[in-house]
Amino acid sequence: MQKVGLLLGGCVRLWKSVRMASSGVARRDPLANKVALVTASTDGIGLAIARRLAQDGAHVVVSSRKQQNVDRAVAALQGEGLSVTGIVCHVGKAEHRERLVATAVKLHGGIDILVSNAAVNPFFGNLMDVTEEVWDKILDINVKATALLTKAVVPEMEKRGGGSVVIVASIAAYTPFPGLGPYNVSKTALLGLTKNLAIELAQRNIRVNCLAPGLIKTNFSQVLWEDKASEESIKQALRIRRIGKPEECAGIVSFLCSEDASYITGETVTVGGGAPSRL
Amino acid sequence: MQKVGLLLGGCVRLWKSVRMASSGVARRDPLANKVALVTASTDGIGLAIARRLAQDGAHVVVSSRKQQNVDRAVAALQGEGLSVTGIVCHVGKAEHRERLVATAVKLHGGIDILVSNAAVNPFFGNLMDVTEEVWDKILDINVKATALLTKAVVPEMEKRGGGSVVIVASIAAYTPFPGLGPYNVSKTALLGLTKNLAIELAQRNIRVNCLAPGLIKTNFSQVLWEDKASEESIKQALRIRRIGKPEECAGIVSFLCSEDASYITGETVTVGGGAPSRL
Amino acid sequence: MQKVGLLLGGCVRLWKSVRMASSGVARRDPLANKVALVTASTDGIGLAIARRLAQDGAHVVVSSRKQQNVDRAVAALQGEGLSVTGIVCHVGKAEHRERLVATAVKLHGGIDILVSNAAVNPFFGNLMDVTEEVWDKILDINVKATALLTKAVVPEMEKRGGGSVVIVASIAAYTPFPGLGPYNVSKTALLGLTKNLAIELAQRNIRVNCLAPGLIKTNFSQVLWEDKASEESIKQALRIRRIGKPEECAGIVSFLCSEDASYITGETVTVGGGAPSRL
Amino acid sequence: MQKVGLLLGGCVRLWKSVRMASSGVARRDPLANKVALVTASTDGIGLAIARRLAQDGAHVVVSSRKQQNVDRAVAALQGEGLSVTGIVCHVGKAEHRERLVATAVKLHGGIDILVSNAAVNPFFGNLMDVTEEVWDKILDINVKATALLTKAVVPEMEKRGGGSVVIVASIAAYTPFPGLGPYNVSKTALLGLTKNLAIELAQRNIRVNCLAPGLIKTNFSQVLWEDKASEESIKQALRIRRIGKPEECAGIVSFLCSEDASYITGETVTVGGGAPSRL
């Protein structure tokens, strides 16, 4: 019976540490039972956000354009014991957006959270060299698809009595990244989209906020920091000491989706390590 | 009668010296000999800008989508003794943009100034009702066409050793007008486009700035103020005493295009009568 | 041995729920073992912040200008099982600031977090009626004392290898509250102070951010909403559906002080229920 | 000879009409008959503004703290044929502010324009080294004195039926200059002061705007660019091609004070050569 005692003791100690560690379930599991869609979430910032939302209690549906990337991300996150499923979604296609919504509803009975992270790979080059096709693609995917995906998700949020949308923009919305004109402009547009959606959706109890990551170490931004010299030069220009990590963008998104942010809507939070953004 | 001739000659010389020379000339005729394109300039703010640029000495090419509107504006401005010609231009069409540029070059030998004012009539309704087609139209005309028209004009400015672009956005870029979501978002995008173009074109000696009009009395904004009650309510919301006039937007555009603004680029100036914009 | 099995089973289930609920202690107790100073924290937003920091694991030192208010707040928070002590502090007085710092160090061995919330009661009246004395008081307490208190705390943070400062400004920093000129101006100054401190303290691993509450139901703001008519009119002007609660400002402060915000510095987060602030 | 007389008369009339009337007069002499106070106007940006206001037709009262600087500036500007007088004024002293106002009223019968440019020489050093005395001085002169001088001038503007105030802040209000913390913060405060004064003074027909110069070549900024290396490094950081000249700040101030800016109030215009400021 000594072992039983030990076990009991251990169990009590464990229980106590749980009780004292935090004063309530909401704080431990701020997104418990919430259903979250995260687009472009099989890599980089999107993946870090998906992981964090799931760690914070949400059922997360990850997506991106390639089946193998979806499979890899789902496997990795499920392997961490998280409640994650995945589906291919090209957000520029209406039927894909609808399928994404339908899948989440079918799997989990509704949608509470949308994190819109999808963006085309930035075109590097001068604005003066940008063709009509490049502009079309960037405005279509980065701006229009974000608006239309939100539109597709809102009716499901309304059925649940409300919800939360987070749009991923970029610090380049404020302070342009050199050589990325159309990308930067599309991100500025998202600041406005956030404000406008927030105003319109307030009466439906849906909050809409925006994340503006600075320079974060991802495949996406690799071209900006891949050699030591350009990394140093961009750190100098951004007045930052170090490049950020994708996980450093994830906590704020979970926070903005939680009940703790109940009075925050229409706002953009910059995660930029002190790089110049705005007052 | 020789003396009379001398006096006459003196009088003419005086007139000429007043019109064309002395240390004050730049100030009196700040845009003398400049060639300016103004889009959507047969009515409202665009027309007021075209008139002012011409009054300040520029040769102005006005344009809009309908021949009869172009004819009417040109007749009116020429009747005021101004150097104005006109051409039909739908800025969403590449061949129209090229024709506009070619016409100005043919008529006046080059281009120094572009004022991009073209915008689709705003769609009134909720963001949640906006179709893909409406988004396409608004982003195409308000954002993409502005970028592409600038691209088309820049080579001509380079030939002249520099130039000045003014993009007409809206105070709604900062503080959304209710019920005008996609329009507002497209105007926010223009703030970013201004910054990006300014950075890229600085080395070509081309400055790019932006005008953000507040609530101005035009056909365009009529729906916002046409009955007394809604006028009062919008004045209350905007914290303004009165609605602005198109001419009150014109002086700043001429200023931004003049040598006096030689160190101003990438900036937006709000003409809003004190309505909330930004710090 | 059945009981042992049951116990074991229960323990495992408990353990699993702990594991799945949250991936680490940091998430449950994000501020565990941190020492936090919160000024003007015996009422309203400051009190809500102090409570939340303590709930999230911090040892909190509350303060304000009156002993009885300090006693009441400490009693209330200790009654909730939180680790809270208190001390009288008038932040405008150097010896008070020093005593506050010394007390925290003596009690808890150091300081990790400073939330600077102290502000003079706003002077209601026109800017044209403001005397030199009112300006002095407002700039002294709201701006200078914030800077000097940070200066006093920084050496203690450095000893701990870093820290986090949150300055409480106001949405009025962006969009002035009518009739509160000097207060509004002092809050705008705090946006700049945040940026400047963030840049200077980055190399010491101290992050500095800012909270801009909108209209929050406190004694402080009572004059703005105390009768139904003025509440409705201000809600209209702010385009908000409801006035916020102090607790709705507290989560974001705790978040900004936590490791989750490791790449956020120099930023202001507005908690305004959708009221116009800035892009 | 009658004809000659007629011609002469016509010529005189033409000259008069050119000088004093017609639709172009406001444009040629936009500040004709206006009385303008400019503080800190015996050097650098202030002097350039004073000169420009006078060139544009205003009677200008220059001032700064030292008699010999006032004398030198007045002599120089009068030597250019401009209507300029001067008086010593330390804006931090109430009796100096009152004397400045009284002098202008005595000389010219009233005041239409105030350009508030006075600022203490920036303290170079870390925020962590700033003493209470430095903070006092900077907030007193840069913020409080600006508000109080405006307060002193407003009654005179009201007697004239309206007026225009321009406050000189700095681009450092948005993007801090390194090592100039309190200066930067005081300039951010001026952005807020501008907004607040604009709202309050709108009903008195007084417009209040703000100039935010970037890096301008003056004695004031010398420390930032005096050796070639630091000039290059700051140009890199500011993303500018060249440092601005004081005169490049003057045109916009004259514009903001003119009738052409009748619907612009509460706004800040940055003159920064493309350096990062804000959207």
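We just call them A, B, C and D in the order they show up, numbering each chain from 1.
Just so it is clear, a contact is a pair of C-beta atoms (placed from the backbone, for glycine too) under 8 Å apart; a residue touches a chain by one contact, two chains touch by 3 or more.
The UniProt protein names, listed by chain, are A, B, C, D = Dehydrogenase/reductase 4.
Keep in mind that this is a model prediction, so the values were computed, not measured.
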| item | value |
| --- | --- |
| Contacts common to chain B (Dehydrogenase/reductase 4) and chain D (Dehydrogenase/reductase 4) (chain labels) | A, C |
| Taking each chain's C-alpha mean as its centre, the one farthest from chain C (Dehydrogenase/reductase 4) | B |
| Interchain centroid distance [CA atoms averaged], chain A (Dehydrogenase/reductase 4)/chain C (Dehydrogenase/reductase 4), Å | 26 |
| Rounded Å distance between chain A (Dehydrogenase/reductase 4) and chain B (Dehydrogenase/reductase 4), as computed from the means of their C-alpha atoms | 38 |
| Computed distance of Cα centres, chain C (Dehydrogenase/reductase 4) from chain B (Dehydrogenase/reductase 4), in Å | 46 |
| Contacts with 2+ other chains: residues of chain B (Dehydrogenase/reductase 4) | 173, 188, 191-192, 195, 199, 239, 278-279 |
| List of chain D (Dehydrogenase/reductase 4) residues in touch with chain B (Dehydrogenase/reductase 4) within their complex | 3-4, 7-8, 10-11, 14-15, 18, 23-24, 27-28, 55-56, 191-192, 195, 198-199, 202-203, 214, 239-241, 244-245, 248-249, 251-252, 255, 258, 260-274, 277-279 |
| Chain D (Dehydrogenase/reductase 4) residues touching chain A (Dehydrogenase/reductase 4) - in the complex, by the definition given at the top | 173-175, 188, 191, 236-237, 239, 276, 278-279 |
| Partner chain C (Dehydrogenase/reductase 4), residues of chain D (Dehydrogenase/reductase 4) touching it in the complex | 94, 126-128, 130, 132, 135-136, 139, 143-144, 147-148, 151, 154, 173, 176, 178, 181-182, 184-189, 191-193, 195-197, 199-201, 279 |
